[in-house]
């Protein structure tokens, strides 16, 4: 099984994302097992805001729980398994229905970085249309490896992929980074929609170089907001 | 009287809907009595956020409280009695002034499912105009069986009916389902309004088949968000 | 001095309006003294959210504190004194910078009742332009009896008067009623702005008769939300 | 080192700005040392919501910490050092990514005072474009004295300067004043955007004289909201 510190970080990530409004009763966050990179850690099927260390299970890259302990599994665990399989550099994944991002998945307005905190959006934010891989009559869920692989193929160099009529996936090189990105993607979506209205469509976004440089800078200070979010979600512990 | 577990679920529903902002000092939630389907359970006249098991009364399908215990009754209990009378398959009802839904009741923009969580809206969301049944000078309330019956007649196959200048009614096959639908109708209204502005009227909604399939899927996981909402509204209990 | 129960209701009103976001560090609520109708009760100069019974002072209808106990007085106490002087039927007044209402004071869009809870707006909502009474270079405050009288003269049959670039005044026949109106004016402003955008300016408001009848109905149930708001603001007490 | 009371006020400012949503995990607030005006006080690199008295460091006007105690410093401390150097009358500074203000930094719509609480905006709100001083490929941060000096040169008589794609700087004559201004700039941005939509671009702002007089009035009551904000952020202490 995984290192206890990593499991605790993953529990904190579940609670933080719930406390910050990125996930509600649905959504999930996983991490590639640091001690065995062909495995990943993910809670059993439950609301992220209620997850404890005892609820974290280990999965292989086909989405099988090694020891499910009789727990129900997330139907959409293939989001995680297929992305980890296709992208060795990805170490953590958030899937959510983060509210402000939903409108960008069902319109043609591209999500772009409005400020430095969300500069990672500068790598582009593609939309995954499940009708292309699953046809016009799915239940919208990534409920098998094939749909997971189709989603994974949309990532490219991006940090975020929108899922039309469903939600989004955020990927990162660590639990702290993926939580940071999930939170600031939500903030960016809200502020970008507001700015587009205020400027009647004319908004001065970060350019490509600004976005790349700000991202490198942010990656060095991920622990600063993490400490605050953890305190807010979990108390003094 | 009803089963104690059902009463406790109905108390939890009252508190959850208040905690989630679907109801404020007004609004109510009822359930058809599982042990006698010609009766239903509803609190006496009070804010849902303050309801306890002692405040739950039993009513017949004419809206009479079997033993009112000296309590004041909701003027609009006929919303519940007439819907239960006309629709045997309906087991639970929420009436609220859920804020984001109000604008959809006073304009001609149809509420449609923007994502899978609110896929039950795919069955259509009619508007009840009280002027048709009650004339141009009512106090807007469903204060007698005739108005209740007129409202019940608008439901058809829908899960939600909007009440112009007043609020909405959500129906379900269980307490957990009706609470789920009431909460996600509010979320959908907020996100749909935002998406219509962002897309300048062009929004890619779920199609009919996607909506139907996602609804079937959601019905299997109603207990997941319920556990979170209950914890948030009632604490550890 | 006033009846202790009235003072306690006024303290509750201060706390409720703060808890509900109608007032922030600024704003105030007063009540005509029930035992001497030529006097009114108002806190000394402080944030409403911090007011206790010891902070409530008694004033005459010229805005003089009978026994200020060394406390600083609200500069704008003349809002209250002049309205009570001009309108004997008014028993309670809220002055606030309630956020969603501010835009309606600086544009020409009339505030209208979008649903039955805010039906009292059907009597019309005039705007007080301080430049008419005070000239083009005031500090925006009702800092003397003359400005207070000019504001009082704008009330007519209305329940709410907007103050351009400043806030609003809500009047009522009781503390519970004025708090109800202050809260639902804020809600109405938020929902009306949203509905106007959604309907591209076309909104089906309550008509005059619906508004009048709904107001009479609401006046009979003011204690229902009051109990909830009091619990939320003051705890179990 | 500085007076203990000033340090406690600066800690309170950190907590208040976090509690009020002006800062999140990022942002900072400083004060010129009252006992040595060539020095200023600023926390080490951490989320403002977690700052205690032990985290406050003293800096000279070149941005050097006199005794860093092994702590990491904010990269952007030069915002503070260069503004204090260039403007002797400035005693306190907030730098934040206050959300509602971000859209005004990336569009051409000027921030203007919509009501008396934000009247200090009447002195004008310039935008700092980092591309002018730093070129087209910075990481957006004020990471050296030269960029700090360029930012300081934009202040003029203004209380607020927007930073395109980044955030804003608010300056004041005291800790209480700068916190007041930072909070009401956020409120103003939110309400102004709303009013511009409601009025389709036509909004009746405070005129120059109203703004100046209201600002003088507000400066006399800064302790009123401060007491509330402190209670909300720090509890009864």
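Order of writing sets the chain letters: A, B, C and D. Residues in each chain are counted from 1.
Please note the rule applied: a residue touches a chain if its C-beta (ideal position, glycine included) is under 8 Å from a C-beta of that chain, and two chains touch if they have at least 3 such contacts.
Given the structure is predicted, the values throughout are model-derived calculations rather than measurements.
A.B. asks: Would you mind naming the chains that touch subunit C and likewise touch subunit D?
C.D. replies: In this structure, no chain contacts subunit D and also subunit C.
A.B. asks: Which rotation angle, from 0 to 180°, best lines up the CA atoms of subunit B with subunit C, given as a multiple of 5?
C.D. replies: Rounded to the nearest 5 degrees, it is 90.
A.B. asks: Indicate whether more than half of the residue numbers at the subunit A-subunit D interface occur in both copies; give same if so and different if not.
C.D. replies: Interface between subunit A and subunit D is built from largely different residues.
A.B. asks: At what distance in angstrom does the C-alpha mean of subunit B lie from that of subunit A?
C.D. replies: Comparing mean C-alpha positions, subunit B is 32 Å from subunit A.
A.B. asks: Quick check: how many Å separate the C-alpha centres of subunit B and subunit D?
C.D. replies: Centres of subunit B and subunit D (C-alpha means) sit 45 Å apart.
A.B. asks: What positions in subunit B touch 2 or more of the other chains?
C.D. replies: Correct list: 197.
A.B. asks: Edges wherever two chains touch, nodes for the chains themselves; is that graph a line, a ring, a star, complete, or other here?
C.D. replies: ring
A.B. asks: Would you mind writing out the residues of subunit C in touch with subunit D in their complex?
C.D. replies: Against subunit D, the touching part of subunit C is residues 18, 24-26, 45-47, 49-50, 75, 97, 99-100, 102-109, 136-141, 164-167, 193, 196-197.
A.B. asks: How about subunit A: which of its residues touch subunit D in the complex?
C.D. replies: Per the touch definition, subunit A meets subunit D at residues 113-117, 119, 187, 190-191, 194-195, 197-199, 202-207, 209-210, 213-214, 216-217, 221, 224-229, 231-232.
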